[in-house]
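Everything below concerns the one structure shown next.
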């Protein structure tokens, strides 16, 4: 059977502050500029989750995208939506909440959660101009 | 000369908490749900500013949209971008930072600032599914 | 208090056939072309529902958009999503299921359902190139 | 029968130079900046044509949008697509090719061409951030 | 000469029913939910066709995208647009008309049809949230 | 540390003429059709620049996207925005200004300019339906 990649798009929004607590305030301000605002700022994030596999003859699906959506909603969206990425999100504890680290964190949650489907890409937009992609490497 | 409406789109992002300080925490939680998160959340806002007037024969413009953009950037975007709408924004002091109140606040700043151009509409998206429009009434 | 228009966007998909049962097959084919395919075709529809009112001082909202979304989901989306507009949808019985008639039908359901909020516009896209607007006139 | 507004979206691209031949080069450069480049620049334009009328009981249409598209394609798109708005377009002769003047020119061509349908709005994007609207006033 | 991938986007709409005729109605309902509606539903599909090759010095093109568009329009769009994927489309006979199988079917038609250009990816959106990709493996 | 790809989107607009000066006018017209208009046409281009690397523990960034944006703005956008790709752009001299060649030219400028970040993809849209990708091969 053919190997196909299927992708589900979901959205969430969150507050964050790009800040490294091991550095001085001055160094943080210099490194992160307005993204370091101590009173936070926030984004509407767009998340794409891609899994890959053979098309099952019985269903014509790689995976049931409604089931995939439910997993992502429960494991990721419910943890981050309308939250503060620095304060409220267990899987982001101890890392700077950049889009890069958020994508990596989402991968680590979803890779086992979507099994036996095979996660192949996390794509995450922080704004219409900025996005990151993580493939588990 | 013909009367034409011209619109400039700009974006910003901000943190906020939908919260009425005159109500109890319980009442706030009941009214605003996850938008009341005390640790904030945030959005990428999309702002459209529309002005209307006669096309000037000398320029073929209603207004120079680059000049309009500069006014909106200085008077609005610089005040709200990468900020906390509850804590950092002078023109939002004392109002609940909903998209409705934010659009009204932006109107009140821009109406005099764009004169002699005539402001006719503020359109503001909080997310791809929610937007508000205010025409000064 | 200021008067603001707030808009909620929702999506659904459906099959339909543009067909007037009072006309001959030949006349239907001539009038509606490929939209008259007896085996149906379909669309992803995008629906925008706009209501207008004063901003409530207690909430900063015209209406709670989450509540508006729930009304539209229950009264409209649940009736039309993944359905056949000619066969499955009670409120479309006896009318040709064009985008125009669908927008009018949605208005007639939502106008009482959203009260006391005041419905002011139904905007409905059938494709990225075609849309209709109905304001109750 | 209900009155509905229907809108058709089309795209084209063109080169232009924002330049007033009655002014000096210096004055043109001051007024129009980089839009005055003597070697031209260009845009992908997005055009929305809105007509309004009663829904016809026989068809469920205000107008046949495929027929409207054909009129706009023949009367407007074929004149401007892959053209130079200053040099190649008869209906822009003698006016500065701003988006405002282009929208007005398109209105003047389409208002009689779409009759008996009633043209109510021309909306024209020059870029994702700039657009104009003309309603014939 | 450099190797470049060029992509052409086209759209179509169709009705379908996700249904496996070898399973019982109950099993179909359980597997496919509302996508199994016996009265059909439908989508606006977005198709991206990517081919890859060396840039030809004579033209600066990998392929003439207008010619590629004509091939895709004739070989694919004309077969599926405003059609029922279960009933009307020869190349979908005997397969469940999921987006996965549709993308694979389109690949099998286009791979020989675009030769000597080398097809490298079919990307197909069923909705703004769901898409699949097939690279011929 | 994980390897992540980060992408920055920027836009510009330009005039061009697809024309091979080594061929006759007739041959150019035959090969390039309306894209060969001697009076030029133009586009709003969308450019995505992707770089890839390890996430730096100190910043949580692969690269500072604001710094990347400044490099692309200075090295590319300032050279092409509101310009004529055939006449005004040094790095396009001697090549036919197709989207393919423009993407390759942008790659050649940015690969050294973004170092030590590693450029991995240039993606360039000429219109909403046509795009090219170049990965340096």
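Per-chain residue numbering starts at 1, and chain names A, B, C, D, E and F are given in the order in which the chains are listed.
The definition used in the following text is that contacts are C-beta pairs under 8 Å (C-beta built on N, C-alpha and C of every residue); 3 or more make two chains touch, one makes a residue touch a chain.
Model, not experiment: these values are computed from the prediction.
The fewest steps needed to get from subunit D to subunit E, moving only between touching chains, is 2. Between the two copies, subunit E and subunit F, the Cα superposition rotates by 120°, quoted to the nearest 5. A repeat of the B-D interface exists among D-F, E-F or C-E; more than half of the contact pairs are identical by residue number at E-F. Interface subunit C/subunit D: under half of the residue numbers present appear on both copies, so the contact uses mostly different residues.
On a Cα centroid basis, the chain most remote from subunit D in this structure is A. The chain with its CA mean position farthest from that of subunit F is C.
If each chain is reduced to the centroid of its CA atoms, subunit A and subunit B end up 28 Å from each other. Each chain gets a centre from the mean of its Cα atoms; for subunit B and subunit F, those two points are 33 Å apart. Those residues of subunit E in touch with two or more other chains are numbered 128. Pairs of chains that satisfy the touch definition comprise A-B, A-E, A-F, B-C, B-D, C-D, C-E, D-F, E-F.
Interface of subunit A with subunit B (complex): residues 11, 13-16, 34-35, 37, 39-44, 81-84, 87-88, 127-128.
Looking at the complex, you find that subunit A touches subunit E at residues 2-10, 55, 58-62, 64-66, 69. Of all the residues in subunit A, the ones that touch subunit F in their complex are 18, 20, 23, 31-33, 95-101, 103-104, 128-134, 137.
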